[in-house]
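Chains: A, B, C and D, in written order; residue numbering restarts at 1 for each.
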Amino acid sequence: MVDLRVELAGIKLSNPTVLASGILGDNAALLRRAAKTGFGAVTTKSFTIEPREGYATPIIAEVKAGLLNAVGLANPGYKEIKDILPKARVNGVPIIVSLAGSKIDEFVEMAIYAEDWGADIVELNLSCPHVSMMGMDIGHDPAFVANLVGELTGVIETPVFIKIGLTDNYMEVVSRALDKGAAGITAINTVKAMAINIYAKTPVLSHRYGGLSGPAIHPIATRVIYDIYREFKPPIIGIGGVEAWEDAVEFLLAGATAIGIGTAVSKHGLTISKVVSDGIRTYLEREGFESVRDIIGYVHRK
Amino acid sequence: MVDLRVELAGIKLSNPTVLASGILGDNAALLRRAAKTGFGAVTTKSFTIEPREGYATPIIAEVKAGLLNAVGLANPGYKEIKDILPKARVNGVPIIVSLAGSKIDEFVEMAIYAEDWGADIVELNLSCPHVSMMGMDIGHDPAFVANLVGELTGVIETPVFIKIGLTDNYMEVVSRALDKGAAGITAINTVKAMAINIYAKTPVLSHRYGGLSGPAIHPIATRVIYDIYREFKPPIIGIGGVEAWEDAVEFLLAGATAIGIGTAVSKHGLTISKVVSDGIRTYLEREGFESVRDIIGYVHRK
Amino acid sequence: MSYRVGRVKGVYAHTSLLKSLTIELEDDLNIIPGQFLMVWLPGYEEIPLSPSYADQNIVRLTVKGVGETTKRLISLDTGDRIYVRGPYGRGFDLDKPGKYLLAGGGYGAAPIIYSAYKLSKLGNQAVYVEGAKSIKEQLFIDEARKLGLEAILVTEDGSSGIKGLITDYIKQIIGEFDILLGCGPEPMLIKLLNMCIESGVDCQLSFERVVKCGIGICGSCVLGDRGLLVCYDGPVFNKERLMDLSFKEVV
Amino acid sequence: MSYRVGRVKGVYAHTSLLKSLTIELEDDLNIIPGQFLMVWLPGYEEIPLSPSYADQNIVRLTVKGVGETTKRLISLDTGDRIYVRGPYGRGFDLDKPGKYLLAGGGYGAAPIIYSAYKLSKLGNQAVYVEGAKSIKEQLFIDEARKLGLEAILVTEDGSSGIKGLITDYIKQIIGEFDILLGCGPEPMLIKLLNMCIESGVDCQLSFERVVKCGIGICGSCVLGDRGLLVCYDGPVFNKERLMDLSFKEVV
């Protein structure tokens, strides 16, 4: 029997699948359900200091190669972590708390709170492509990210992951964050995009711009994971268009330690985690590996 | 009968479809065939000073949402323009000559040559994501692009288009290029990506990295076209994942004047140009427009 | 493209705020009663609606104007465009054998009357009960009768049919049925559920939550403490599923 | 994933540089004779090969070691993995009625013998002619006979069969046939084409160019001044198409 367990900065996962942030994740019942259904870890929706309504519908546009979303970081505000986390915890499945803010102070306040209420990992959303002054707008600045990570690792002991998107300088951002003590990298977030309805003659999303996810971004994510592993070999949660176990294996070989799943939850339901981890198991058996850890970053060994 | 004619910086196209650079385009017979098959204009493969063999195969990797390529700018060298252009010209279909280089001198030399041999438009490939010291490596630097365009518009009269890819600062690059006299923008090139074969446990492409094209990048291209039109309203050749007339209309509404088609040529053959322009015609008729020009940038008018 | 474009073919005003729109789509759509469409009016929001009838490329939407989008919807004219994606979610299972009691409250009667069409086609026995504030807001009693069903109207003000709440009436007759299909305001649904639990009658009830994505990804439509999703696991839930939930929010 | 993974099931060495590999794939593949696969050996290049036999999940490749990749291919052992995508391109049209003359030169006999299998299944009349340097490089004469076909070997050194060039022999007999299928070195193909034009015999010939993408996008496999693509419009071209071309390059 092959071993599917992986560790993310000391946090033990029974298998490498992770529910990606923003997918069903601002509600304790849903996180709990995801954890029970087989995810190795679950990530909360990104919390902000104040509750956010999010954007008006349409917040979703289906496109040929994936999905656009502009949810607008809808969340009940970080104070809810206190109610959500204890209820969400089940079977020892680790909970990754995602945070989004525009200032270092905000992140510090939220991170301490998340740690107090039991977050296993704090993930900094530095890459949401559709909310101004947050996410991508701050995450592409290496100096800001370095300061932010430095501050946070000074005040909390919980491992800090930064979640990056597709920018020109992600390698510099990652390098600076790791230098300052980031425990790992989550890559990638959605890519800024737009869909126009040709009969309505207007962008579909109420926010006009949205983040592209799904199969469309999978080869881009593979590249980013490959780059980061090659250079820094940190723990990586690889995310982007994973909708079958083969996609997950591709990320593992490129260097991901764990595999985030988002959009595919809509197509296949939460059981996608089981399908993916079973597929990884069969692959490992057939290819003669004893542990999933044996294939992490494998393509770099050749 | 609706009017499909458009103009790109004074160059007249019988319909808005354009064969994208690198697609069958370093050979006179193929350019001629494309022009005959119905394209409103054809773009050559990017020429470089020296002939280039390109990368070893595999140069192509098929992915779920599109195609990766790392052809490596294989081309016979710009001196061939002399042989290719006269033979390629047919039915008055304009020929866009694409150029790639690493230094301003190189571009100047090639651009003059292209003009001498009858190029209708010179397109600067500032965005190939898989050849170092060319394309993307130089195209993300606004100062370099400004100088380059300034020099070129000083020495040739042929309209100069810059072809951009997905970078953080494409708006600045476009702004500087237009300031210096660029006649238009071609957007977008492929997005750097990777595909790994999970049984071979190695990247598929011999060059490892490749450019992602096809449906995957369509919503990203829509966003870039939308941004550029909103801000600058230059002539835009919109490219990225157009494989049906609906995709083309989306680009027109976003602000493109002409529609480049690449990857879809593989799926549908060169007749894709007819299929797309016929579809646009029917759409215009049904929606009550007299000319394709009436819908260029239409979403911005609301 | 993800949206289908439809044209309004006809508008029937039940009241000034409650209308049925017949939509013609370009292609056929296969919708199970109880499933919903995401309906978008550019410039307004996109909202979930459960058709009150559908056949091939025809869909009928019965809409109550409660806010900006629904009010805009009921002001549409013949020929206007409407954008839909879907169908999404799980509808009513009408294949179970037995005698059906159909209970629709307010615009909740929409998926119920559509179920009546399907049930009468399947030859299943069914009685249609509709609850409304007054006779003016009554929706599908005539239609149900034309289908050959016994149809009972219950009005709160007694302006027609039986006076009272639909739940009180149903309490009296529920014992005669094998299965109840219900859609309407949540307090009505909770009462129906409790009734069915007590009387041992099977049931399938359609619930509402704020549906934003419609495809089971955003989490906004969560129902109850087991994390059920109205848009993905529902909107129609069967008795077993519902018995698992604690409905503190409403009872 | 775009590649299918195959395993080498058997290797038959015709000579030390010319071998046939039987490949077992995980799924069935439907390949028309004359179509090609892009065959990739990680660490080496990806090259086009036209199977010499295919049935369900079995593909036989007949490969001549001419460079790095083909030499690596012929050194594979049973159990080794091989990666293929395709089939691509247009193969032979074997549905035309008439008497077929099959002409294969060197490893060009590969798609020709595969055509022979299909033709004999279809019950079409066919004669198989193979050209080789010497008896040692002879490939499929026995196989063709087992299929019940008349099979004639033409060797350049006369070590077996008829001595001479395959084209000289074919010139003598072509008049008896309605249609010729040919694959082999380009000078052979040009001669065959000219013969067919002169004698009024129909023909389909398979050409080679450097195939890089295999999907009609890179332009590397262009043939002639009308911009035909070997990988997309070919590799098999019919007489009408070929008559349009000027083959200055080779004649």
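Operating definition for what follows: contacts are C-beta pairs under 8 Å (C-beta built on N, C-alpha and C of every residue); 3 or more make two chains touch, one makes a residue touch a chain.
Note that this is a predicted model, so its numbers are computed, not measured.
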Lowest number of touching-chain links that must be crossed from chain C to chain D: 3
Mean-CA-position distance for chain D and chain B (Å): 37
Averaged-CA centre spacing for the pair chain B and chain A, given as whole angstrom: 34
Separation of mean Cα positions, chain C and chain B [Å, integer]: 51
For chain D, residues that touch 2 or more chains besides their own: 1
Shared interface positions of chain A, touching two or more other chains: 63, 198-199, 202, 246
Graph class of chain-chain contacts, one of line, ring, star, complete, other: line
Those chain pairs that satisfy the touch definition: A-B, A-C, B-D
List of chain A residues in touch with chain B within their complex: 63-66, 68, 140, 166-169, 191-196, 198-199, 201-203, 208-209, 212, 214-220, 222-223, 226, 241, 246, 249-250, 253-254, 283, 287, 295, 298-299, 302
In the complex with chain D, residue positions of chain B that touch it: 22-27, 29-34, 45, 54, 56-63, 67, 69, 71, 74, 197-200, 202, 204, 206, 262-263, 265-266, 269
Contact set on chain D toward chain B in their complex: 1-3, 5, 38, 40, 42-43, 45-47, 81, 83, 85, 212-220, 222, 224-227, 229, 232
